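In the two assemblies presented below, chain A is common to both, partnered first by chain B and then by chain C.
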Partner chain A sequence: MSAIFRCEGLGKQYGGVVALQGVDLELEVGKVHGLIGPNGAGKSTFIDVASGRTAGFGRVHFQGRDITAVAPGERRRMGVSRSFQRTSIFPALTIRDQLDLAAHGAGGGDVEALAAMLGLDRVLDRRAEEVSYGQQRLVDLALALVGAPKVLLLDEPAAGLSVAESEVLATHLEEISAQWNVAVLLVEHDMDVVFRICHVLTVLASGRFLVSGPPSEVRTDPAVIRAYFGSTA
Partner chain B sequence: MSAMTEHTLAAPAVTRLLPKPGTLLVGLVVIGVAVVAASSAPRVLASLLTQSVIVAFLALGVGLLIRISGLVSFGHAAPFGLGAYGAAWALSPAAPIAPEIGLLLIAPAIGAAFFLIGLVVSRIEGIAFGMLTLALGQSVHVAANKFRTLSGGSDGLIVDVPRRLWGFRTEALQTASGMLIVAVAALMAVLLALAVFERTRAGRLAVAIRENEERVRFLGYRTRAPKAVVLALSAAIPALGGVLFTLYQGFVSPEILTWGFSGQALIMAILGGSVALWGPIAGALAFFVLREELGGLTSHWLAILGTTLIVVTVTWPTGLAGAFGALGRRLTGTVAKGDPA
Partner chain C sequence: MLINALNGLVYGSLLFVLSAGLVLVYGLRRVVNFAHGALYMLGAYIGWSVATLYGFAAGVVAAGVALAAVGVVLDLVLFRRLAGRQPLITVIVTFGVLLILEDVVRSVWGTGNRALDPPAALDGVVEIFGAPFPVYRLFIVAASAAMAGGLAAWLRWGRTGLFVRAASHDASVAAMCGVRTAAIGPMVVGLGAAFAGLSGIVAAPFLSIHPSMGSEILVLSFVVSVIGGLGSFAGAFVAAMLLGQVQSFGTVLLPELAALLPFLLMAGVLIFRPQGIAGTKG
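What follows is the complex of A and B.
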């Protein structure tokens, strides 16, 4: 299957510090592609450059079109959506209102159905600041999901969630990638979630590509073990 | 593809856009009280109320900008003064169109001008925005002093208000009681319009931009125009107050363009609070009452007012509107956050 979203040689430099260097990555429809690596590996930088949040080096292609210079809002309308590492919602708005705004921005989307799927239907008319942290993370995810995007770039969606909440999130992501035919890039530290739902893994270390492949292979790769633990022992 | 894309966005029902019936009733009661006050209050009190209601348009504009965009303006006397000078010009023989039409176009025209300004300054926030508004306000003030042929300079302009406008006699507009009723009715209409605006998608988008502009952009929106719309609204409302000011006073001068006047409006907005749309209006009334009462006691009334402002800010950071809201919730025994509009 051909890639719907392709990144070529993505890089980013902050002053004299190279945060990301020449990383290639492809996302396929219906597949969850995990991007992992130790702290400071450049995962969030990668997602920031790929989503247009931060200017960097390299090219980004979506459905064969070069979208490197396309603004984030336009990318969203085209079908490329993202979530953020820190909960990025609208605390003073009701969940319904913000999902409605997101749907309008994306050009359509069934707010009620999405809320029901994520278990947010009971709190739809409450302000986001009034619900639990776990529910806020789901609102964050829902904002990215409204309008059924074709590409979903998720930056640590399970951050701060309990084990049970992470399980629920992983189930949702599995369903979404399979049933919506969406290509997912998942940056995540929770390895239980990563190894459960990812079809492909790419590992970064110190801003560079390290290895890529099926999770079963990546898990036992000596270079990966060395990157995480400092030795193969 | 799943059913997620099958939905088309329905326009919000009209009933959802309107404020609660109780809120509408309060508005009507306020107009009724104004009618009673206009007919029975002593002339001095009626004059005080009229002045405060006209200046409340300015405070409302400043408060709206704080409430929706989180921006503080030190120069909103500019649209108020431009509205006042605009009305003087519309009523002058030099105006190319009928005064009835000219007067109606002033607030939209000033709103449009501030929309364009908003498009340019949309990325500027915080203290930089405050300084920019201060510079803008001072520029207009200096211009009003310098262009004597247009503005009358520091002497100001005496406005010859026609005897009839829109078929009505205008004498009543130049009495405190007559203008009080007109100004209060206009203010309530503006409040209703703002309450409806806040409930529209555009209003919610403006709040979302204040809360998290980056996320809004990643949801598919351009944020420049919505921010400019809020600035335009916040300028058009004071401009309307400026028009009423000219119709009432029959005189305009650069006094209403000073940065001190902008500062007073900011004090009113903070005093009243921005958690409710009506907060700045309450702040304007409180400001005028305090000034009147304290001014009778000492010439240093501003020092006492300043102290009062500090006490209010520390004790009730959300201003009078927040204090009344908290009191209301306590009285009704609710703990949920109320809908102040």
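What follows is the complex of A and C.
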């Protein structure tokens, strides 16, 4: 199957520090592509550059079109959506207001149905700062899902969740990738979630591409073990 | 006593409408706009010029429209570039705008005081519990309530108001959610400037019009913003009402300390609640 979202040579430099260098990556519809690596590997920088939030090097293609120069809001309308590492982006807004906002930006979307799917229907009219942390993370996921995007870039959606909450999140992501015909990029530290739902893994270390392949191969790759633990022992 | 309370309400209402413009601009651009007082003064002069030719209502419309246009230009030329800069830079630049606008007004209208009579329909007194009270002052309260209520309703229930609230929280994330923040900025600053201009012309028959009127009230509207909590409308409302009463009763009961009372109040709030009444820490 051909890639719906393709990144070529993505890079980013902050002053003299190279945060990301020449990383290629392709996303396919219906598949979850995990992007992992130790802290400082450049994972979030990759999502920032790929989503257009941060200017960087390289090219980004969506459905065969070069969208490198396309503004982030326009990318959202085209169907390229992302979540953010920090939670509760708009704490004082009700969850309904936030989803309405995202629906407008995405060019439409059934807010009620999405809230029901994620179990947020009972808290729709409460402010984000008033609901539990787990629900706030689901709000962040919902913001990215409104309007049924074609590409979903998720930046550590399980961060800070309990084991039970992570399992709920993983189940949602599995259903979404399988049923929505969406290509998912998942940056995540929770390896239980990563190995449960990802079809492909790419590993970054110190801003550079390290290895890519099926999760079963990547988890035993000596280079990956070295990157995480400093030795293959 | 009641008349003093009503006078406090009148002054507080005026302060709130003026401060609402400051809060709007700070909320979105994080720019502390020292030129806001000059916009209030410019609104009074433009409104006065039009009102003396075509009537008070035309003056009000002219002040609102002209200052909205000035606000849009200010955002496109200055505030957009100032967003995210160090506070000292924004203070210096916007204070410079204040000085320029004051000089422009002196060149066009001169340095003398101007007076504007209330429109005939509002030029009288009513008896409130046996005490006479100018109708125009009640109009100031009503006009301020209408402006504040309209702004609150727009922000709370309007679609564009929702975009403004989101962009005020985090403009870059709002942009990534599809909000056209490039259009929101001029709209919000234009609205904030229009509020300043409208409060200027509404205040004109109540206070006299002179080139320093903006600088004088600017200090008090900053006191309102700081006491209320920067960026908070609810806080600014409470602070403006409180300050109105402090000014009104202070003038009568403690005339020698009246000018100092707002600042004592602000110092007290800053000591016990540095983030202001409705502000958040950090």
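A few remarks follow.
Here, the second predicted complex is superposed on the first by the 232 of 233 C-alpha atoms of A that agree within 3 Å, B and C clash if a C-alpha of one lies under 4 Å from a C-alpha of the other, contacts with A are read in each partner's own complex, and residues count from 1 in each chain.
To be clear about the criterion, a residue touches a chain if its C-beta (ideal position, glycine included) is under 8 Å from a C-beta of that chain, and two chains touch if they have at least 3 such contacts.
Quantities reported herein were computed from a predicted structural model and do not represent experimental measurements.
After superposition on chain A, the partners chain B and chain C collide with one another.
Applying the stated contact rule after C-alpha superposition, one finds that A:Ala113 touches chain B and leaves chain C untouched.
The wider contact with chain A, measured as residues touched, comes from B rather than the other of chain B and chain C.
Of the two partner chains placed around the shared chain by superposition, neither chain B nor chain C is touched by A:Thr202.
By the touch criterion stated above, A:Arg77 is placed in contact with chain B and with chain C alike. Judged by the document's definition of touching, chain A residues 51, 53, 71-73, 76-77, 82, 84, 89-93, 97-98, 100-102, 104-107, 143 lie at the interface with chain B and also at the interface with chain C. Interface of chain C with chain A (complex): residues 159, 162-163, 165-166, 169-170, 172-181. Interface residues of chain A, counted against chain B in their complex, comprise 51, 53, 71-74, 76-77, 81-82, 84, 88-93, 97-98, 100-111, 113-114, 127, 130, 143, 145-148, 179-181. Those residues of chain A that touch chain C in the complex are listed here as 51-53, 71-73, 76-77, 82, 84, 89-93, 97-98, 100-102, 104-107, 143. Within the complex, the chain B residues that touch chain A are 1-9, 201, 204-205, 207-208, 211-212, 214-222, 337.
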